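Look for chain A in each of the two complexes below; its partner is chain B in the first and chain C in the second.
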Partner chain A sequence: MKEIKEHTISARQACVIIVMCIFANKILLLPSLMYEKSKADAIFAILILFALDLIVLPIFFKLKQLFPNEKLYNILSRKISPFLTKLIYLIFSAYFMFKALLVFSVTYVYFKQQIYQDEFLFLAIIAFIPVINHATAVGLRSFARSIELLFSIVLLGFIACLAFSLFTQLSMPIFFISNAKNFFTTIYEHTFAFGDYIFLFLIIDKIQIKKGQEKNFYFYSLLGMGLILALFFLFYSKYQITSFMHNNALADILVFSVQFNAIGRLDIIAMLTVMVITLFQLEIYNYAFSESFLSLFPKLNVYYSIAVFDILFAILYYIFIGKYEILVGSSDIWSPVPAIFINYIIPLICLIIILIELHLKKRKKKDQTYLSNKK
Partner chain B sequence: MKKFFKGCLKNPMVIVFILILIFFMPIAIYSPGENKNRGVVTAVGIDKVDELYEVSLLTFIPTANQTYKDTNSVISGKGKSVADAIYKAQIAMGRKVGLAHAKTTIVNEELLKEDVATHIDYLSRVASLPENTVFICSNKTAKEVLETSKTLESNVGLKLEQLIGFNANNLYVTDTSLEAFYKGYYSDVKSSIIGYLTIMDENEVNGHATQDENNSTASSKNSDGSSDSQGSGSGNNEGENIVSQKSVEQNSTGQSSGQSEGQAGGGGQSKSTSSKQILNQGEAVLLKNGKLVQKLSIEQLNGINLLNPKALNQIVTINDVKFEDKTLSFNFRIKNKKVLTSTKFENGIPIYSAQLILGLELVEIVGEHEEIKINTEFSEITPEIAKKLDYQIKKEFTDALKVLRENKTDVIGINDKFFRENRNSYLKYIDKIKEIDNFINFVNFKLSLIIQPD
Partner chain C sequence: MSYFNLKKKISEIKTTLNESSDFSYRCYKKNGQELGFVFLKSIIDQNLLSEAVFMPLQTFDEKITIKSLIHNIIKCADVKKIKEEDIIKEILDGRVVIITNFSKEIISIDLFKFPSRIPSEPPTSPVIQGPREGFVEDMQTNLTLLRRRLKTENLVFKTYKIGSQTQTKIVVAYLKGIANNKVVEQVVRKIKSIKTDGIVDSYYILSYLEERPNSLFKQIGNAEKPDIVTAKMLEGRVALIVDNSPIVLTVPFVLIEDLQNSNDYYTNHHYSSFVRVIRLLGLLIALVAPGIYLALQIYHYNILPLNFLITIADTTQGLPFTPFLEILFIFLLFQILYEVSLRLPSYLGLATSVVGALILGDTGVKAGLISPPGVIIVALSKIALYTIPEQASQVTILQIIFIILGGSLGLIGIVSGFVYFLNYLNELDSYGTPYLAPYSPRIPQDLKDAIFTSPVGDLKQRPKTFSPTKKERL
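Moving on to the complex of A and B:
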């Protein structure tokens, strides 16, 4: 098997990858979708979803500590059965494929509206696919470095979008107007857009975490989550009851009020930011797909996985082409089920493995002490 | 060098890049410019004529030219729906319609007799239309407004959005964009304000000016004897504050144009019989459920904006001020403003309290007085002046409030404020009165002013 070029990445590189994952599927359409059901209370819904995500992080650290250089696949194969592991990895493949599809679809529609209203799918695919394929082919370390290199620019663009929105008319959104049913339904329906730490589990063997670097993960996570929360807050502050009409949050908060009409359109900042973020997210999801695929078919090499990704991507996108609502709508309807499994059940399985492992270690230690005492 | 090329060719991304260049460069070089396929629309006008929609597009078509003249055209199309009419206009233009730069949307007053949201549904669905597009209506057809504005731009370089932008900055203050309209439309009280532009023929304008002069005289007479608000509102009698822009209509061939007959699918080349003027009187219209319920004068708008801290520069006129045995009229400009508001329920009655700290600047004294340059005594706000200003400002607010109450509208966010600050009491009260629209009629307003010279 010609494997994906195995390179390790630093803790900081893993952190910037996490920020990119946190941004995924949340900066354009999600604020509008969530507002439809739970109004401005959607901010509390994402707070809960972020909190659930953050709980996963200590599980990851403990797993890494117990199995420092082992792949998740090997851990799961050993601890649960190889068959179940294959099944989990099959779900992983589908999960990351649909994540990539959703990211691409939302961004594609955004660019179609903003730049070129005629059909330009072919151009979009030409612009994205070779780059993400190349990123996967050259390996995790290379694209992690490129994300690290451009991270400050992306961050600057994001913050600039938020900052410019402060010049428009804002008023405090009204909270606590949705009922409990709508609120929890929103949380359930949009679980798919979260679960941002799962990628870390997939590359657990490739991350070098030195002692004390765990706090960096928390810092970067809180930074990413803070920015998303700020985006939601500013978006709802600006549009309030018409939030449901605006599908591109990061760009829409940049649109100036009538008073600034003469200045022109500054949403180019959002466009560039979204473009770079999307590219990185697609690279991450493509890599995650390849990693899962190659675990399922260890005899194949990375180029096969890339080819399968491209073909599946094209077929699935073709099915959904022009039916953007189907893709977005389906992400609310069926996607929560696999999302709950991947985002929360898998970490829970890992937690059980950790607890068993700790228990076994403890017992082993006890036995050793007993034996040495006996001797 | 050879080594370098070999190294490059080994890199798959370089090969991909070269392939992209090979495939796309010739296409890019030979493809026509985007402006040959697309007309940049800077304003959209919607009219309804004989059950057909007529959409007029003020279109900027970049052409190689020594000057920028004649690059703007009004192109129209008629259809059963707005989408159909735009499609016809597109055919007439010979280009695709690019709405991303449309900064103004105009509808004819007639369309406001029905729910206007149904007429502009297409625009709200076309995501490329910017949200900050100004939404206004006019007494004449939207097409006439666009044609007049076209020549206005050619003749004096004043763009329609600049004219409206001035209003937005200085008069409406409450946003009058398409977005703001929808915010009001989807609110509980379903009310919003949009701008209003008057189009008049030259003859009408002359008549109007004469009438205004008479009005001014009449109001002066009133102000001599009584404190009727007609002339003493904000000091800007209509005939005086009209920003009128005369524009001689010209079509692209230089002939005069004006009354245009856009045909279904036909272009907007039109012929004229007389010159027209845009009379920007700073008026606006109050909409309820998307329908026009009342036209607002600049005084009423100022009254509505009184509680808005961003609304500055309005002129407040007080009459009959006695100074050294003379009776004078004083004009003050609101230079700065601080607004403190609170809401509460007292004995089950909703009370809206507002305290305004106004910094006023004396800008004009009307009447015979000797010293014009140094009048430090005038800069002081005497108790008499303060009393008159207090009365005048409160009167303006009361008049504006009366309009809002009569039409059961709320464009100053009374409901919103009560909901935010006294949610439970407010909801109980709404349950009691069973009509959220009518809430404004039950609110007790307490307005207190602190007037300071600035």
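Moving on to the complex of A and C:
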């Protein structure tokens, strides 16, 4: 079987991948039960989790600087232990598999309710799976370029969705009404919808970052999050109580759009935007799974990882089929621990590695100076 | 001392050429010296042969030597000595071979002539403004057309002969110091590796040059006009001129190239940008209009404006076909009519149009076989297809794929198909150049001449997309 050659991606492409993750995670995954616990204060929970995510970025840049063109797997293997690294990568594989499953489940239910009005699981699988498999097979460079190309269109679609809501009067949400316990429980339970930058760690050796391009990552992240916040406020103005963080929030995007008699309902823009975001997100997760899987089994090629992903995806979906509540509704029960491990513990481990490496370098430099002075 | 037995040698040559009826020879004797002229009369200029060779030979009174033949007697520009084993090759190239009984040296004179048309405007690339000259089948004329536009010592023509039976000349043309050397080397390597019995047209070498010959998408550019090829070579691209073909191939190729037209550079750049947007729109309509119509009609009808929905419901009621089969039926009908109109003589073409448009279309609707919205959508997509005629063949295949996706999976199918092809195209390279450049990957500098274009004077740098050796246009 032929091996697919891998290429690097530019900083801009990495940035748009991150924005796509922010969009997908916050629009597709967050409309859970977040609002129920902490009402409008959920927005502060989002901001706190987003800030925690942002802290990870400098760790990523420093790690890339210290270990240029080196895979995270090799860094961890060398610095921690090969066994622990394998364990971490096993968790990575499961993490991305479940994220893909969640995104697929949420969008499937959305499309079923709003468009197809009937079961269409078989059709959805036929439509999505070959595309995401192909994306993984052709490699990161190809789908990163596709995301880069369609990024402006997705952004336009997103802004169009926001613009339609301007037909309604804006009003400020009522904040600070939930208690501290509910607030922090919300943060804990919804960590799974964050950790967007972890994907960057997995592809650390495949990103080309030139000097000064680091700030672009912050800019794009803030742009993505800014649009999510705008959506939150505009949704709140329209629906007051529900805001966009509830079970049927995706459905609300449709109702949100205005019926224009001459050109029909413009919710097709929202539909297409959600479809494109979903596909790209699934491509990213499938690729992330493949990266983790192939690090665990370096002798296998990408087609094996695709096959394993598809089989596991089918089995898991079969188990959870028709049990949307179990999979998505209970995600606040089963997801926090692995999410916290992946989103925060892994970067923390990286930070420790960085500190040790810096310390060693400093000591080496000191020793060299001492030796040269002695001479 | 005689070196050749002329009678025997000529007989040998005749046998090697299978006693072809256009084989001809003439012997000339003077003072014991014998000269044999061997040629194929179908491909040489016989008048020139008598004027430039025989007449001076008759008036030459001194002893004939090879030296005097080359320098004093023969009045032709291209005269050369050849080896004995090259005699057949030279004759087949339209040259007259001279063998003598007084020297072992053999002379070959270029008297090649074949009917060639005058460079005229190619039917596929008409322009409102700008040059109207087009390439012809004669390679020499084509090279002249390029040389006339590129008066520089950097213009390089490298000739190769390919095809065991056709011995077709292929010229690799490029501007030294501008074209990327790696691309030139790659092209030459691929040309040299061609093993075939014949190259009939430039399209014959496409599959040898393409990096993915089985791909649906074309990976080699083509042009029928010397001004287009000149502009491409100035960008750092390499041209391939094939003898007997008016189509010149160019590499590397990018998709955006087909949205551009030579006319764009001869009109106001604002208008050119507008026209390019229209072409892109045309391409998108051609690609997905029937698929989206089907998806909306079958799955997402609530999106449609109410009046339009009522019209569709009214017109599709009672049709024997499902919406999917109806669109497929109209599509195939259109394709059959298109093929017929291409093959039929022009006077019958008009009749076919009448039969197609009036009888099949109108009567089909009245008979309740097909619906007017279906006819309009397919017709619209087929007309839009010809905003970019260069892409017509592959877009036609893609139309069918999107019809199947839209009809069976709805909008999800269309979006999935679109993303799939986008990923595929992003993986495609043409001689190291990304297929969707300069948009994907984004090359900001080259966006000056992509869909939106700047005045020609502002294009001070060659497109980075093609990695030219010399970046500045000076």
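Basically, the second predicted complex is superposed on the first by the 343 of 375 C-alpha atoms of A that agree within 3 Å, B and C clash if a C-alpha of one lies under 4 Å from a C-alpha of the other, contacts with A are read in each partner's own complex, and residues count from 1 in each chain.
Keep in mind that, in the parts below, a residue touches a chain if its C-beta (ideal position, glycine included) is under 8 Å from a C-beta of that chain, and two chains touch if they have at least 3 such contacts.
Only a predicted model underlies this, so the values are computations on that prediction, with no experimental measurement involved.
Novice: Taking the superposition as given, does A:Phe280 touch the first partner, chain B, the second, chain C, both, or neither?
Specialist: In the superposed model, A:Phe280 contacts chain C only, not chain B.
Novice: Per the contact definition in the header, classify A:His134: touching chain B only (first), chain C only (second), both, or neither.
Specialist: Touch status of A:His134: both partners.
Novice: Now for A:Ile126: first (chain B), second (chain C), both, or neither, which partner does it touch?
Specialist: The answer is both, since A:Ile126 touches chain B and chain C.
Novice: What is the contact status of A:Arg12 with respect to chain B (first) and chain C (second): first, second, both, or neither?
Specialist: Second partner only.
Novice: Is A:Gln113 touching the first partner chain B, the second partner chain C, both, or neither of them?
Specialist: first
Novice: On the superposed three-chain arrangement, identify whether chain B or chain C touches more chain A residues.
Specialist: Tallying touched residues of chain A, the top partner is C.
Novice: Of all the chain A residues, which ones make contact with chain B and with chain C?
Specialist: On chain A, the residues that contact chain B in one structure and chain C in the other are 126, 130-131, 134, 260-262, 265.
Novice: What residues on chain A touch chain B, complex-wise?
Specialist: 113-114, 117-118, 126, 130-131, 134, 137, 169, 172, 174, 239-242, 245-247, 252, 255-262, 265
Novice: Okay, in this complex, where on chain C does chain A touch?
Specialist: Going through chain C, the ones touching chain A are 299-300, 302-308, 405, 408-413, 415-416, 419-420, 422-424, 426-427, 434, 436, 439-442.
Novice: Which of the residues in chain A come into contact with chain C in the complex?
Specialist: 10, 12-13, 111, 115-116, 123-124, 126-128, 130-131, 134-135, 138-139, 141-143, 145-146, 148-150, 260-265, 267-268, 271-272, 275-276, 279-280, 283
Novice: Mind pulling up the chain B residues that touch chain A in the complex?
Specialist: Contacts found on chain B: 12-13, 16, 20, 24, 96, 98, 100, 103, 124, 127-128, 130-132, 134, 161-162, 164-165, 168-169, 175-177, 179-180, 182-183, 186-187, 416, 419-420.
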